[in-house]
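Shared between the two complexes below is chain A, which pairs with chain B and chain C, respectively.
Then we have the complex of A and B:
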């Protein structure tokens, strides 16, 4: 197939071409999503009004967008940090569940004085998330087991564990639903006075700054780039590959755990089984569209947060399932995947007769 | 006690069949060297399409076939992205899951939670069972038999036919297969589309045969279990049957125990498939079996110029 064309890997993709194909891919994905939504009966003008107008230009919409963006920033950073080392963290949701459970355990168990309760909850969330990625990390480093599968499996196990607790010991006895007791006032992140936004937003932004500092400024970040580019060369050059891998991957797990902690402490104020779905894919999409750069990740997370806000409007006015958010992210990523081919490869007509 | 046992055993095939069908498909794809994480999304589109077709007044059998076609169609997109456009297989697989779940949710909004007459069990309008064997058999449906036949078919195809040999060659050493005159890209696309057809069948089984209704999120992680099952089975169709029965038995046990009022940690038991797969992964790397079972070129991008 395609024998008439010769495809060669480009030695070096110029920056302008890389940017061009990237933007073209995003545009193609958005065009596909728009065409689909119009085809099922959403007027094209409404699309623009809801996404740009409602999600970013009104105060209530923007507040909702930023509330959605808070955990998205964390999972986007989590995916970006791991992917910098070409470590596929497909278990972001699992670490997020563990983080939410960790924070909830501290809150329900009333550990420590009230003044330090919240910091302790978020610390527990980050540690639980890091602990949940430790096994895939060890298996990869010691036995060479593919992390794609192990993180994925542990993600499913984490969700079942959350169900075990919420249908069992942690269930709020007053309701029949699988939710925990509501947190006390001292266990809730303070509201910022702008819609439902809460202290989690500055915390997520601080996390982004910290990650930027670690991976773009420090020596650890330099080592990380070396390991991500070429692990053998890095090892030969004396980079402590194992230590660097551990640092990046555990940081990735901690960030996903923190996302879970921020959701329960900031938005939900209790543990539930609906709070974590879809974050793995969103995190990976955000990391890819942000080109694995921590600060760009923040921008993309806010945009995806806006898509979540717009989806709420679509659901109310047009009866469209929230699956539209997943679909949009998927189509955009398909667009980028295909477009990147044209940046990474040179395509020329076969000329078998004359080439030696 | 024997009543409970027969009830449990009779329930296993309906749990095992969708896992088995999807895993057989993924085995075809991965033996051709294409890492396939797309099952959850392909099953979602298959389940929705099957239900939508039957709800439009068309026969359940054709509904199943429509689910198969929808699964194959979505997988063709995945195949083109990874084979022709050399997209990263992990990322493209996750993206296909998102697109499948998203499309099913958006296109299926008019079909949610509407019961319909689907494929019936053998015992639907038969006399009550008189012995344990009949009790078991009447609980099954035609697609369970189809799934069993497909185990034999997939195994036979991979191990005993020329096309199967070519498919395995592409998954082990695409460069050599290319030199031998095998069209690597075509084989990989065909394998991925076949995988999509089987995952679509698996999804349509869930809506049209097992539950006679469609709801969003009905796949509920079964696609991921199928991905795990392939590794548990170490890419072998016969071991996939064994694994699907074990995983299906674990899944079926919880509801049966609850039905007789026994207090059971249902969700801890449902971890069993994942925990077993982790154990298989760890054990097989500990004893160094990994290299002999996993297709050598799994997940790799084939480019003719890369041949050295």
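Then we have the complex of A and C:
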């Protein structure tokens, strides 16, 4: 059967085909996800109601989805910014932990007047995230150390550091649980009056706009693409490679840190040891699905937020595990990545072996 | 180029007549007929055919993009053709990939060798042969025996990464022969070799044919292989335009005309009187990371409007010199100055600001960004000069307009501003790089093998661009292994050998013999 087929690389992929392939990939991924959920006992009839209906069509569901999406936008942007430079930031969670710790430190220490407390918390979160990725960055630039290993391992160190604080200096003295004291009112992001959504959502959207401007409009963004594609050619063409690399990578760390800050200041209102799990994986999935484009990342983050909302329902009513949620994200990513093959290649029939 | 027919050198015992090879009645070793192949709607082969006899060396000639390599890639199953048929020893076959090709006795040595650099030669053979190679010791013995048989010195236990290009090529040929190839297809085998190495390789192909093997030499330089080939097939724009003519029956000029479709005028040497000093290199020394000396007190001076040719066998420090001049490598000693200003430790960007432009030997290593569009590659270097807007915004429309103009002015075929540069042919990608480097602000051009691998017309266009730049007052350092090219363009020719300049002469006094002696001498 396959004998008669010839696969050739396309010279140009038209925009409509890219879009079609992307949508077909999402559809295929969702079909696989549906099959998986049906196979583990979720009735097919309930799927539509739970996913589309509960996650996007009801006010409370949509609010929950947007609340989930807020930090997801930031980690998606973080992964996208780093991956544009082919810098594999596998330590998004680590930077997120540091961001949460930074914001919590400002809140618990009551630094500065109350009016500037929140901006200071978020600034501390971004700086802490950037600082946490600075170490792998310096090691890579100075010594050529592979960032996959260093960012990944620093993620574990960050979690242990959070444990150290929450089982020690920051432990809630009243209950003895490893959580910090609750933040004061001036240290919480204002609610938007729509479910649990908070001021973090517009902040994340503003971050997406800023990142879009940096990577798609400015010269720095142009240089970033060149460094990502061919660092030696970029250097030879006079691109300030080290400055560009530092700017992109530190921005990635700052965005992950900001995600941590938004979680503690927006939804948790205290530091805990459960708030940061799974964000590295989600961030990379979102970045790939959004094809490293900042504004597409926002859309994908909202969709993944919807998956989280629906999964909460599934967990309660059908007893599915957290692992299945990760698997669902993976299936959608898988569908999109495989579908890209059809955008890059043309498939036609051959007429080989016949007498001309 | 002479109009006389090509004669085989006397005394090597090779037949000259078309009766070379197997007796009449024997089916061809390989026959391709009516082959069609298009890449994304763009035809690469149109009704192409090729017939290879047993026991012959067959030259397959044509320009870049004529379809020579594509046709042989179809024959060995690397590409699936859209239509056509293939016969091996008279049997209709269907080759779907390397395993089928090996089973049918077809072996191809590609321009980029299929060897694992970290493995030894014997380990590479084991990788290719699988169980047939036996134990590591048996594989090593197999390699040694085959090397002995074909008269090619190859050490089985040498790591491929440590071998020279010629030795890697031998290892690859050996591997293909051990896989059972009776038809050996060599894609541009002499492009990476010195003259002596080429001679040895071509003598080997003649021996192989004399023993009953068949050899296809894909080349765009017929004269290099003419003396060793029995027949020649010429391709142009995907079609076979001369099908297996005895080599004695055609002249090189006829073949060139068939391959190009028209003859190309040679480029005139720039005649401008040299101006002030443009590039001064003094006592430049550089070592590899492993301590090997690459540049050893190299000194040269280049003036405005002058083309200085730098001849030398590849690997004598040319690449390191280019890297040191571009600011991508740091010399251990010595100095580099542009128009009298010391730039020894300056960044690539600072050197560009002083008008230095570089065309490296491998244009995708540190010249062009493969995944970038043509327009983005053309704009990359000029961005920092503010030509395309402030740091806060990139003037996309202007980039596009400039790219359209450059594509038109430099006749970059197959390019549109939005097309990915990696999809262009070698010659056209080189034109993109030259279009960028020969901008308004260029003062000094360093070009390393700028026409290597290009076909006649593309090479002529590149040489003409360099000559025109020199006429405008640009100082050009032309580093090349092609003495003909150096003598055609340069006012002076220096010779680099083991990282130092071992001689320099005005072009009027230069001869291939004199330069050759300096290039291989142990001064």
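By definition in this document, the second predicted complex is superposed on the first by the 306 of 356 C-alpha atoms of A that agree within 3 Å, B and C clash if a C-alpha of one lies under 4 Å from a C-alpha of the other, contacts with A are read in each partner's own complex, and residues count from 1 in each chain.
The working rule: contacts are C-beta pairs under 8 Å (C-beta built on N, C-alpha and C of every residue); 3 or more make two chains touch, one makes a residue touch a chain.
Owing to the predicted nature of the structure, the values given are computational and were not obtained by experimental measurement.
When both complexes are overlaid on chain A, the residue A:62 reaches neither chain B nor chain C.
After superposition on the shared chain, chain A has more residues touched by B, the comparison being chain B against chain C. Contacts of A:284 after superposition: chain B is touched, whereas chain C is not reached. After overlaying the two complexes on the shared chain, residue contacts for A:8 are found with chain B and with chain C alike. Within the superposed three-chain model, A:239 lies in touch with chain C and out of touch with chain B [touch as defined at top].
Put simply, chain A uses residues 6-9 to touch chain B in one complex and chain C in the other. Interface of chain C with chain A (complex): residues 33-34, 38-42, 47, 80-86, 92, 94, 96, 326-328, 347-349, 352-353, 358, 360, 364-372, 376, 379-381, 383-384, 388-394, 418-420, 423.
Contacts from chain B toward chain A in the complex involve residues 35, 37, 77, 81, 84-88, 90-92, 94-99, 101-109, 183, 185-186, 189, 216, 221, 224-225, 227-228, 231, 265-268, 270-271, 274-275, 277-278, 281-282, 285-286, 290, 303-306.
The residues of chain A lying in touch with chain B in their complex are 1-2, 6-9, 36-37, 40, 88, 90, 139, 143-146, 148-150, 152-154, 156-157, 159-161, 163-164, 167-168, 280-281, 284, 288, 319-331, 333-334, 337-338, 340-341, 344-345.
Touching chain C in their complex are the following residues of chain A: 3, 5-12, 217-223, 225-226, 229-230, 232-240, 346, 348, 350-356.
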